[in-house]
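Presented sequentially are two complexes of chain A, the first with chain B as partner and the second with chain C.
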Partner chain A sequence: MNTVDFLNLLVSALLLAGVYAAMSVGMTVIYGVMKIVNLAHAGFLMLGAYFVFEVNERLHLDPLLGVLLAFPVFYFIGITLHWLMVRRIPRSDQPTLSSLLLLFGLWLVLQNLGYMIWGNSDRAILTPRTFSTMQIGPIIFPTVRLVVFGAAVFSLAALEFVLHKTWFGRAVRVLMQNPDAGRIVGVNVDRTARIAFGVGIAFAGTAGGMLAMMYSFTPDFGGSFMLRAFVIIVLGGLESFSGVAIGAVILALVETFSILVIPSGYQPAVAFSLLVVALVVLPNGVAGLWNKRQRWA
Partner chain B sequence: MANTSVYGLRKEKWSLLSLVLIGAAVLVPTGRGKAAPSGDEIRIGVVLPITGSEAKAGQYQREGIELAIKQINDSGGILVKEKGKKLPVKEIFYDDGSDQAKSAGLVERTMTTDDVVAVLGGYSTALGEAESVMPDRYQTPWISPGAGAAHIYSRGYQYVFGTLSPIDSLGYTTAEFLGTLVDQGKLKKNLGIALALENTDHGIEYGAGVERWTKDHPGYLHVVFSEKFELHGTDYSGLLLKVKNSKADIFLADAHLPDYITMERQYIQSGMYHQMISYGARGPDADARKALGDATNYIFAGLWWSKKLPYPQVKKFVAEYQAFTGHEPDSYYPAPAYDAMRALAAAIEKAGKLDKTAIRDALRNVELKDSLLPGQVLRFGKNGQLNVPFVIVQNKPDDKADIVYPKDAANGEAVAPRPQK
Partner chain C sequence: MTATATNTGNTSPLVRSAVLGIILLIVTAALPLAGLGPNSIRLMFVTLVWLTASVAWNLLGGFAGQVSFGFAVFYGLGAYTTAIAYNSGLDRFASIILSAGVALVASFLIGLPTFRLKGPYFAIATIGVSEAVRVIMTNLEITGGASGYRIMERGAFNQRLHFYIALALAAVAVAASMLVRYSKLGLALISIREDQDAASDLGVDPFRTKLLAHALGAALTGAAGGVFVGYAAFIYPQGVFGFDISVAILLMPTIGGVGTVWGPVIGAVVYGFVQEELIASFPQFHLLLYGALLILIILFEPGGVLGLFQKLYYFVRARTSIGSHS
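Showing the complex of A and B:
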């Protein structure tokens, strides 16, 4: 492999990391605050994809505008679902069986709802941007992936800003670190959890919209992405947003470059081997390793 | 506090509620369940995916079967000599949700509890493979209209039949078509082929078919690269880089529809070019043409059937299918299913009774001389699988797709090599 091929592959891996980070943020927000593993995440990715598809087909709006619109729409859906179902789940500082089952059931309901509304055809969004590329020297950047990468970086940066510079962000962080202490200092736990769930679903919906610009989809869409999101949040540390970015980069690099030495048919095995290794060697993820180093320093 | 919510409901109740929710979601699409006991009717079990990843193909196949059943019943049913009269066909349908375990379980269920004389089912090799262990166990004929992998039919099963020609033949015919382009001088001799194969038996057999032809015809084409890939992949840049570095002249992939769309998009973005491109049996699919637009032009595919076959029965079927379903048969899926049901009806009539073993024996000798499939004659091989020719279809601009091979079925000229933009 020559240098140009290596650089093209590296760019592909980094852009793929953007896709992976975008789809994992929502899951991390919800887990961090509520200790709920959102097994319905794939369902919201799928709904986000169809939302942007419909906005493009019916209103003839640019898919990127659809992605922006998806955020408030899915925030509202998240808040409503929280009010209807999630707030009734018994509180716990660990994921509970009831929350897992409820959200898994919700995923199945969303899938079947998708089949009822849109049928089983493969849908995709085709715009002039779909095949366009930017070229810097011999390095090729597919425009859509570049846009998704930018959106992922913006999402993570905005989230970091909100977490560190706003009252809501501080409330979220205290609930992630020590919920009891949060209650003592006057954090409104229910309100913070409701908003966090809404934000998590909003991120899932927008991520689904972004994925729709790259992949075809059916109501079955999202499952393989959700499995990768698990790998990423375990790699990054279950409650760390910067860890999501690191986890996404690691997974994308390993998946992309491993193909050079092993057949691409084993790509999923690589991802899940990474999950096993992370759970055994880095149970708190890369973020945990970083925190430990800082303590030693 | 940890075990109760603010509404005072205990965890166990929520677990129970959640289980009910899951149960409802899983059970809703399953199908009609057990029908009333049979009287004067012939019960046929049908197990196909109407939901899940194979839903679209399953839906088309179900429509093909139901059209055949409607036509049979409109003509009074199937004559059963033992009963001295014609009996209508009753379909007992189940949706397997594209799930292998569920698929096998539903075939077992319909064979054991629904009083069926035969079962039609198994779209996709994976689902067909799961179902194929049941027919001999329950001595009930099973015809798959959608499982083409030859190994399903090579295990010595006695009650297993299939109306898709072997995948190996798809690969073989694909290479044979390229060979004719060499003979015509459209392609040069001894071009290199890169194979990217889905990591399933389907992909493996396709690749074997291509390699078999190249070995049978030395000097025409040769395989310079072959690798399997996982279905529903998120990124094919590494695989495509390997294909590019192999310096192949022809790119042949065997892929499902979502992978075809994702891979072709990345192929275009990476600026690659090959003289000919195929994605196995994918090519003229309407969904792919919507998703890829002009990028699908000149891609060719090997198909089990095309609505453009120049047979009068195909024209009649296309019109009747459109009237029955409200849409065109824009893929090959419904035709093998329609013929599977007609072959079964012919076998029941030939057997003259509703005995499953007698129907199995009749299926072995059944011959449909007005088959929709290429060659126009449906006759099962000794292993139970049909083996009729494939047709090669090439996409052309303006959403057109011509049959370009074999010559006696062609309605357009093959464009080779593909124009380079």
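Showing the complex of A and C:
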């Protein structure tokens, strides 16, 4: 492998990392605030993909506009589902049987609704952008990847801004660090949880739309990406936003470069192997390693 | 859900459960002799295999509250192990025991890295493991890959033999579940479910306890897979490692009443008898129904069928006792 090939792979890995981070961060928001693993994440990724597809097909809107539109729509779906179901299960400081089974059931329902509505044939969103490429020096990459990367980074920056500059963001961060202290200083736990759930679902929907611009999809499409999101948040230590970014970069690099050595049939197992390594070697994620380092220093 | 401790030297719940179990066992064993047709026996066979897996899942998922989405791994490994062992000349029973052993070892591979940690790691890992194992089995050449594997039956097919093997295994599973529930191990598991930190303060080792329950559940599920393949004679990865197998195995205890001895049995009987009908009439959307059922049960009656009965019982008793007092 020469330098140009290496640079090409590196750039495509980093572009991929952007959308990986966007698709995982929703899970972190929900887990951080409510200690619920959103197993329905895959369903919302899939719904996001079909939402953007339908908006493109019926209203002839640009998929990017569709992705932007997906955010409020899925936010609304999220807070509705929280009101209908999620708030009714007992609150806990660790994932419970009821929360896992509830969201798992929701995933089954969403996925099979997808099959019911759209069938199981492959769909793709095609725009003039899809097949064009860009070239910077010796590095060539598809335009759509850069566009999606831009959208992902923009959404992550917006989330970062909200988390650090607004009351809601502060409430989210205090609930992640110390829920009791949050309650003492007057954080409305239910309201924060509802908004956080909405934001988590909104990110799943938009990320699904972004992924749909890059890949073809079926109603089963969310599952493999949810597995990747698991790997990323475990690598990131479950409750850390910077951890998500680091996890996304690691997974994207490993996946991109493993194409060189691992037969394609076994490709889906790559993400999982990384999950096992992460669990055995760094159970608290890369961020945990970082914290430990800081504590020693 | 509070644990009702029975540490006062009073073993009556165990005895009562055991008596009920023995009666059910005798009745079920007598059914094929009472002139049941081959199709009914087949349905009962399938239900008994499901029942074993359901009770096995409940050992860890119900008593200790550790949800596994990957019990199809053990079921599939058990099925493949028995098929391969039997084809290479091993005795039927030895093959099934070998299946249990293989599943047990596999359970350690999942449990060792994840049970050390607090949090959702185990549940997440089980989803990953079942995906990975299915991918590997679909690509593995020696077991025929995606096209499946056939078992070569020696001698004539005897349906009753298969039925009684399944019944024996189901009885072992239910007996194990009773013994666990009414022993120190059961109390340890329940205390982990309620509050892991408090449990370890009281001297329970959460890591070892969960590992043990997981291993027991896996071995029983592996044996169930082995029993099933003896009857089915043909297996393929999507069939025995399939996502819907994992879904079914966690759905049954939830229907019947998670964390109880008889809940998973009730759930398996309900599921076993309706599932073929369901799959036949909704070939595409039975998973949609399962999902909706999970949501409804968790939201409205987390105790399942058993919980519903209990509520009805208390309701009726409260009604009548008010009457007698006034």
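Operating definition for what follows: the second predicted complex is superposed on the first by the 287 of 297 C-alpha atoms of A that agree within 3 Å, B and C clash if a C-alpha of one lies under 4 Å from a C-alpha of the other, contacts with A are read in each partner's own complex, and residues count from 1 in each chain.
As a working rule, contacts are C-beta pairs under 8 Å (C-beta built on N, C-alpha and C of every residue); 3 or more make two chains touch, one makes a residue touch a chain.
The structure displayed is predicted, hence computed values, not measured ones.
Following the overlay on chain A, a clash is recorded for the pair chain B and chain C.
With both complexes placed on chain A, chain A has more residues touched by B than by the other of chain B and chain C. By the touch criterion stated above, A:118 is placed in contact with neither chain B nor chain C. When the shared chain is aligned, chain B and chain C each come close enough to touch A:108.
Once chain A of one complex is fitted onto chain A of the other, the partner contacts of A:228 are limited to chain B, with no touch recorded for chain C.
Of the two partner chains, chain B and chain C are each touched by A:265. Within the superposed three-chain model, A:8 lies in touch with chain B and out of touch with chain C [touch as defined at top].
Looking at the shared chain after the overlay, A:216 reaches chain B, while chain C stays out of its contact range. Of the two partner chains placed around the shared chain by superposition, chain B is the only one that A:130 touches, whereas chain C remains out of contact. By the touch criterion defined above, A:168 reaches neither chain B nor chain C. Within the three-chain superposition, the chain B stretch that clashes with chain C turns out to be 128-136, the only such case among 38-46, 74-82 or 128-136.
Residues 88-89, 96-98, 100-102, 104-106, 108-109, 111-112, 115, 224, 265-266, 268 of chain A lie at the contact with chain B in one complex and at the contact with chain C in the other. On chain C, the positions that touch chain A within their shared complex are 61, 65, 67, 69, 113-114, 116-121, 123-125, 127-129, 131-132, 135-136, 138-139, 193, 196, 247, 250, 254, 258, 284-285, 287-288, 290-295, 297-299, 302.
By the touch criterion given at the top, residues 1, 5, 8-9, 12-13, 16, 19, 87-93, 96-98, 100-102, 104-106, 108-109, 111-112, 115, 120-124, 126, 130-131, 133, 140, 142, 190, 214-220, 224-225, 228, 252, 255-257, 259-260, 263-268 of chain A touch chain B in their complex. The part of chain A that touches chain C in the complex is made up of residues 31, 37, 39, 85, 88-89, 94-98, 100-102, 104-109, 111-113, 115-116, 223-224, 227, 230-231, 234, 238, 265-266, 268-269, 271-273, 275-276, 279-280, 283.
Contact residues on chain B toward chain A in their complex (touch as defined above): 1-7, 9-11, 14-15, 17-19, 21-22, 24-26, 28-29, 50-53, 55-56, 59, 98, 199, 227-230, 232-239, 241-242, 245, 257-258, 261-262, 265-266, 268-271, 287-288, 290-293, 295.
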